[in-house]
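Next up, some structures in structure tokens.
Both complexes shown next keep chain A, but they swap its partner, so chain B is in the first and chain C is in the second.
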Partner chain A sequence: MINPEMNKLVEVLLAGDHAAALAEARRLRAAGMASERIVTEGLEAAMQRLDDKCTVESFNLLEIMLAGRAVSAVVNELYPEGVPPEQGRDTFVIATLEGDVHDLGKNIAKMVLIGKGYRVVDLGKDCPVETLVNAAEREHAHAVLVSGLITPVIPQVRKVRPALDKRGLGGIRVVAGGAALKQSSAEALNVDYVAETAFDGARYLDSVARGALS
Partner chain B sequence: MNSLERIKAAIAFAPVDRTPAVPQLFGHAAVLAGVVLSDYLRDGGLLARCQIEALQHYGHDLVFAFMDLCVETEAVGSILQYRENQYPDVASYVLSPAGDVSVLAVPDPAIAGRMPELLRAAGILRLELDDTVLVAGCVAGPMTLATQLIGIETALYLAADDPARFEKILDFSAAVAIRYGTAQIEAGVHLPIVFDPSASPAVVPPQFFRELLLPRLQRVFASFRQAGALANWLNTAGPTETTLPYYPEAGADIANFDYYVEPQRAQQLLPRTCLDGNLKSLLFVEASPDEVTAAASRLVAAFAERGGFLLSSGCEIPPEAKPENIAAMVAACRGG
Partner chain C sequence: MPELILGIDGETHRIPFEPGPSVRDILDATDFRVRSGCRGIGACGLCRVRVMEGEAGEPTQNERLHLTLAQLSQGVRLACQVIPRHDMKIEILNPAPPSNWKSSQDAALLHILHEPAVEGRWLPPEINHPCGVAVDLGTTHMCLSLFDLAKGRWLADRWGRNPQQNFGADVITRLAAAAESPGAAREIGRLAVAAIGEALLDIATRDGFDLRRIVNVTVVGNTAMLALLSSRNFELLLQPDYWTRPVVCTPLETSGWVAEWGINPAAEVDVVAPLAGFVGSDLLAGLVSTRFTEGAAPALFIDFGTNSEIALWSGEALWVTASAGGPAFESSGISCGAPAEAGAVFRVRLDEAGCVACQIIGDDRAKGVCGSGLVDLVAYLLDSGRLTSAGKFAGGETNYTFSAGGTELTLTKADVDLLQRAKAAIGVGIRALCGQAGVGMKDLQRVYVGGAFGRYLDVGSAQAIGLLPLVPPETVELAGNTALAGCCDIMLSSLAAERLNQLRSRARLVNLAHYPDFEQVFFENLYLQPLREA
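And now, the complex of A and B:
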């Protein structure tokens, strides 16, 4: 159930109207609403609506990107210095691994997770496994996410789990997604979960955050 | 029946001696021949030799005069980054986010970028194979080229924020596809396949496809038909269940379908259009030959009664695919 005060914000977020979303977030702030409430009752509600709408068959990048851009605009307005770790929910580190320069899938996943109130550290594309592991340790990440559009990146994906284990970070979950990786399996990729879509991955991470899978 | 006759018959829903095998082998032909991929992608003579060697190795039914989906944007002026054994990607787009497409010129395939090399490959393949095997050219579809000219994120935001400017880019892209595809037909390909992965419902909603992309695809295919294409072939990959019904209206005679769409569903959606698909690309990298044989045989059986089918993968077979898996797919067409 959406808080009626948030109806307008949710509506413009879903329409992908980032200018209107920004204006509405500013209005709510001016009316005394706390940033954290705008995120948890506005942004997260909009992302849940989008999640309900986006089945595997009807998931398309355009609609997600427009909503994601609107969400990012609001988050940047509320937290110009970035979401503080103590306010963000779990922290995730996300990257497209070395050998793959296609980062749209990663960017989509990042937008969805930010919209759900998570703190996301983005390492960009063509990222070495070692850089990913270093960031996971430094940021106290709860999970690392890797996206892959092309199959030659698969050997890199398989290296992530052992590299984390070697550093004593065996508790960090590894999630894979993207056109090439989702054709494979968690077992074949040596990861904890293979996400069919960004929302599917986010649902898995929600379960991890709730401790449902521990 | 030779390969060309077999494919022609399948397109016409006429009897065939066996299901045609049309694995999407592009860069894999270089890997199989022990050739560096970035050399293969820049040398038309080498590309033709590798395609012919792959044909002799596997015994499938068509060859591809195709480099990669960056040829057109490079010819227009984008700067590519080449890597030894990967496909190139765009390092610098010819159109900046605020750029004006009207200052760009449709490239002349005889002189622009790698296009002349691709035309050379098409000519060699047609000559060497003497009209026994289908020689397929390839062009980037209007949506895919639009995203390659300006970047996919910028293109998608532009489509929402400034539709008029975005449509001008689409029109330019369609004009490039028409000129390049027509040159390929003149150089010897039997047909240029339109690859338009950015038109997939995974990227844009069906309404976007219907309103913005369908009219441009119609223009492209009408031009190819007029230029003498044997048939029109559209390949967008991904979950295309919502857009497949528009393919005949676009002018496509052959419709690729990916692993997301069940064969029976594809048949319902396109009862009189030749279909090609839909093995998972990754199957060729990760599975065993027995698993490929089983999956391919199921597909062949699914179309045995209907006909109008070319056995293929839903998307490209990755360059690093296991040769024994491709051999297993081709053998499944021969009932072995």
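And now, the complex of A and C:
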């Protein structure tokens, strides 16, 4: 159920209207609404609707990217210093692994998770496994997400779990997604979950996370 | 345009044609071929048809030789001897056995030979009329051209599907299949070799050609196709590091191929080396055939495909890149898509009543829409306000249904999305090359469009959705299969082979993966709107 105060924000986010989304977020804050509520009740609702729309109305890539940009703009407006780690929400580290330079899919996953109120540390593309593990340790990540468009990246994906275990980070979940990876099983990739879409991955993380903003 | 009207299995097919070619030539480009055993010169007498309506002219001497008076009086004729000028209704009396190979009647599909004659190629003296075969080994289609090497004269063309598609429609899937299992790798290579053999056999049986005259086979293709053909280094192509590095694809041993094809035992097989992992010898051949780097005028070359290759000539320097945008230009993955073969809608127009009017390749019934038809359709929907530049149907519709030759076809929003992604990848490539070379799009004085997709493309539609830069339309040359044309040039002429070597040392590779503005430029180019300067 969408909080009626958020209707306008959700609507402009879905329309991908970046300027209107920023203006609406500013208006809500000026009216005394806490940043956390704007995220949980506005952005998260927009993400839920976007998930439905992608399935039912086949939102195209451009619409998803537009919504993603609007969401990122609002998050940057609310948290210009970056999302603080100490607000009880889970932190995820996300990367496109070394050997793969296609990161549109990763960026969409990041946008969905930010929209759901998680803290996301983005390591970009062509990222070595070691950098990923270092970041997971440093940021106290609850999960790491790896995306791959092309199949040669699969051997890299298989290295993530043992590399985390070696540092005593066995509790961190590993989620894989992307065109090349979603054809494999979690077992074959040595990960906890293989996400069909960014939204599917986010649902899995919702189910295992301590909760986003509470 | 006059039509050839055929009754096949109780159904009538109408095939429009430009007057000029014979009935056999017209049929050769369709799925309804007539049996034949010579090159269409009236020698074999096999291509019997009955002319039921229309003016077929007096029987030729060859027809009188092969057909009885009773047959002639019943309207029986040889398809290769009848040249229709107006509508003609016929029945095929002696249909050809089904074949995966077609010859092309569309004269425009035939390359224009730029080299006047052969220089420098050694010809075995003991062989009468030595011949050579140029092969363009594409991911989706394979095309061959047969030439008399001594005279430089074209003899026959064939094209058909690449049979490796069971191992994946796209290059990466096929490479991964080969890398996973040595058995699969062998089979993928074998399929390509066998397909070339099948096409040659089709020429031998249909055109009465002695394959032992063939003393040279020259092959161009994208790097992955060549590596899979030769079973060499294909696993390297799965590593992005090699996309900008040379990958050796020269076969170690070709005597087995020569024996399988039944060509002259002394025949040479030349697999033209690609430039790098993502720039094949198909692109190099296209640059040879269009004389791309001659003159000081800036020029752009685009060979559209699943992995489109793009080249830019600044007048001084040559820049090359590849952009993987998905298979929309080949209409693969499009719900109402069909390959650019008989039965494909290749052009969409509005008729006087404002309704969609479709032109169909080699038939009056539509199986689906090929790449150029898709571009036309989307441009028309955009222009008429039925589709927004963001790729959304007006009024929140999720699809658009139209009738093409009695078939109902539906274009979905997901189809439009695939085209948007493919064209965005092209837009990024053009912008990146123009940026590197310091050339503005408005400065381009020649734009070459290669590939089967480019053959039927409407330049105005392509410009309207941002697939080609907004240059004066006469600047754009729809160059057809430039890879095959260039392969013929390289096979026939040592001058062309020399130009190929110059291109090799000249080309500078641009890796879009390292293009800093990739995401922003890709995003801007997802919109269906004319291309913009940076």
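Heads up, the rule we're going with is that the second predicted complex is superposed on the first by the 204 of 214 C-alpha atoms of A that agree within 3 Å, B and C clash if a C-alpha of one lies under 4 Å from a C-alpha of the other, contacts with A are read in each partner's own complex, and residues count from 1 in each chain.
One rule holds for everything that comes next: contacts are C-beta pairs under 8 Å (C-beta built on N, C-alpha and C of every residue); 3 or more make two chains touch, one makes a residue touch a chain.
All values reported here derive from a predicted model rather than from experimental measurement.
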With the two complexes overlaid on their shared chain, look at chain A and say whether chain B and chain C clash or fit. clash
Once the structures are superposed on A, label A:E63 by its partner contacts, choosing first (chain B), second (chain C), both or neither. both
Which partner does A:A188 reach: the first (chain B), the second (chain C), both, or neither? first
In this superposed model, does chain C or chain B come into contact with more residues of chain A? B
First, second, both or neither for A:A20, with chain B first and chain C second: neither
Does the superposition put A:L169 against chain B (first), chain C (second), both, or neither? neither
If you stack the two complexes on chain A, which partner ends up touching A:L104: first (chain B), second (chain C), both, or neither? both
State which residues of chain A lie in both footprints, the one left by chain B and the one left by chain C. 57-58, 60-63, 65-66, 99, 101-102, 104, 107, 150-152
Going by the contact rule at the top, pick out the chain A residues touching chain C in the complex. 57-58, 60-63, 65-66, 99-104, 107, 126, 150-152
Touching chain A in the complex, chain C uses residues 172-173, 176, 238-240, 390-392, 396, 398, 412-414, 416-417, 420-421, 513-514, 519, 522-523, 526-527
In the complex of these two chains, what residues of chain B are touching chain A? 81, 85-87, 89, 152-153, 156-157, 159-160, 201-205, 208, 238-239, 241-242, 259-260, 280-283, 285-286, 318-320
Mind listing the chain A positions that touch chain B in their complex? 16, 56-63, 65-66, 69, 99, 101-102, 104, 107, 150-152, 154, 179-180, 183-184, 188
